[in-house]
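Next come two complexes built around subunit A: one with subunit B, the other with subunit C.
The block that comes next holds the complex of A and B.
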């Protein structure tokens, strides 16, 4: 079970401040979408609209063609996992998990128990006593085991150590293969998580910068390395994202797809063409927009 | 991305070479089940789209074949085909760069041949 999300000309204002500016996008069902953006770009704001925590000032937010806001049937399909404050949570994990078990129709208790073991979460301690990373892992367990058709992880890994994050990523892939749904992962850890994404959404200053499948995006950039003057001649007229020089060698990152003739020409001139990571593309695209 | 890959060439090509290597080295024999896309994604931490691109090339070339709902298998004659391809590419991939480097260093052709003869493992 998976659901499709559509935003049509969505604008959200807080007083005079426009947090989201005229965003239109479609997120296909059954895919893992990566949502990336700088601090304050509007990622969480956008996600809170999907989870019907707020109503947009203008435009529509729809799941499978129906408006989300104050729509209990649609809201039940969306799991929004974010950093929660557990300072006053005196309950223990088993009592805590009774909530999703009773409110989420697809909740899988067996899977939750398996995840609790994998993350080595203690069942006999009150939740406020758990470390930040363990509290985040508990959120992840709730998000995964609820199997909501739309599952949103908004920087859900906060405080989790590297091995725990690794388990998180493995479980997303494994469970997606068995129970496909629409995942949205918002993250700053682009280089660590980009292999999970089927589709990438980049927002910057409340605007949509890009919404493309991973393959298209990764073909959007190339690095060209070689003798400085040759590289300069080769990239003239192309859109440069970044350049670095070391002695007589220069490495330039260009935005756009290189044609086969271009690639062949580069090869003949002894220039090296390499891929550009999503992280690098993201850094330079959002830097440029300022 | 795992350390098994570098940025010298497209990752999807490195993925296919990785599988090719396993076939040429007999780690994967003809008729054996090849690792699934999902397994490769989790293991090497590279994107699904990238893995599929590499695998699909091998399928198109008849090195691997798909069995619906079961997985990917090594085709009969795959090793033979790959060895043929690699022999053809041997001059481009190895001999040319060897001679380029030798020229830079002023090593003569005769010296190169002598060096090859004296290198361990060259007695085949």
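The block that comes next holds the complex of A and C.
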């Protein structure tokens, strides 16, 4: 159960401010899409359109070919998980979970119970008393256990410690193998989450910069590692994204596809060629756009 | 995935949630009435019977429920994939049910008080005149009580939606609209009616016939229902 998302020339204005500018993109069904962008790039705004929280000023937001706004069937298919203010939430977790259980057709209670145990969430405490990380984990449980064909996690990990985040990532992959759906993970933690993504969407200042599968994106640059002077000679004239030096060894990220000749030359010189990291590429692309 | 009509479920859940609030509210109100009876018994006077005693507080309770409904439920339901339309229809049905419940509970308590007063002298005033013309009977009294409760909830809902959608500056304008609606409602149902709940509502002498009052009241309800639907039809959800 997964659904395809399509945005056609979507623009969203708040008064005179254009939060999203003419965005057109297709997100394939059954894949994990990473949505990355700098602060204020429009990630949450974009996601709020998919969840029918608001209407675009212009353009269409469609799921499997139908507009999502006020469409009962399509809205039921979208789960939008974001950081919520639980300061006034006096309910306990089991009472809180009754709601998605009742309204989400694919909700899996056993799976929810399993996740609650994995995240070690206390069932006997009111939610406002839980730590930020635990509240985030509860959101994650709701998002995963609801098994909505489109599940959106908008920086859902906020406040979660590293082990909890690791569980979150593991469970996304494990459940995706058993019950494929369309995930959208918006994040700042690019280097930590990049291995999850089948596809990457980068937006900046309300514009779409890139919507490519992960391999295509990592092929847009390369990392070259080897003896420092050799690496320097090799990359001269290339667009450098990042360099790291450890003793006599140097690793440089470059932007742009390496030609076969270059790759052969590198091999002959004993230089190691690897994919570029999404993080470096992201920083480069969004800096360039500024 | 089959699309199912969700508003009946929404209506039930909204009713259930607010009825829980109503149980708390009536517990306090009944306790207050009992305390009142004890006090007036010492002074050798009487207190209004519960149905009359509770009418103003019930109206305010419904007003507050309506205000909270806009904030507490809108984002929550839409986040779980319920359309604004299903939420709207569900809210209206649940409000009708809640208005009926908050009418029946005071009636039931009133009946119990009367039964008790057959055995023991209770210091209650059985004259319903302060609220309704006793000549018109209990059924119409209950009907008016119900319509008032329903109207107050709708007015509260309108205030809540106004604040939710436009923020506090314009939201304050909705309080003005609400006061106008409350005075209109008070006007339809005559003096001694619920208009005295809000102190700054002008007391307009009511000269309306029951038919005109009913027609006017239903028109007010229709205007409130249409306005709230128009305001929430495409409303943006706060995050």
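The rule is simple: the second predicted complex is superposed on the first by the 250 of 290 C-alpha atoms of A that agree within 3 Å, B and C clash if a C-alpha of one lies under 4 Å from a C-alpha of the other, contacts with A are read in each partner's own complex, and residues count from 1 in each chain.
Rule of thumb we're sticking to: a residue touches a chain if its C-beta (ideal position, glycine included) is under 8 Å from a C-beta of that chain, and two chains touch if they have at least 3 such contacts.
Computed from a prediction, not measured in an experiment: that's the story for all the values here.
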item: Side-by-side fit of subunit B and subunit C on subunit A, or clash; value: fit
item: Partner chain in contact with A:260 - subunit B first, subunit C second, else both or neither; value: neither
item: Where the C-alpha centre of subunit A sits as vertex, the angle toward subunit B and subunit C in the overlay (nearest 10 degrees); value: 150
item: First, second, both or neither for A:213, with subunit B first and subunit C second; value: first
item: Superposition-derived comparison: subunit B or subunit C, residues of subunit A touched; value: C
item: Touched partner set for A:110, first subunit B, second subunit C, both or neither; value: neither
item: First, second, both or neither for A:71, with subunit B first and subunit C second; value: second
item: Gap in Å between nearest CA atoms once subunit C and subunit B share a frame through chain A; value: 27
item: Common ground on subunit A, meaning residues reached by subunit C in one complex and by subunit B in the other; value: none
item: Subunit B to subunit A touching residues, read off their complex; value: 1, 7-11, 38, 41-42, 45-50, 53
item: For the subunit A and subunit B complex, residues of the former touching the latter; value: 169-170, 173-174, 177, 191, 194-198, 213-215, 218, 223, 272, 274-275, 277
item: Touching residues on subunit A, where the partner in the complex is subunit C; value: 1, 44, 48, 51-55, 69-73, 75-80, 82, 99-100, 102-105, 148-149
item: List of subunit C residues in touch with subunit A within their complex; value: 1-3, 5-6, 9, 13, 76, 78-86, 234, 236-237, 239
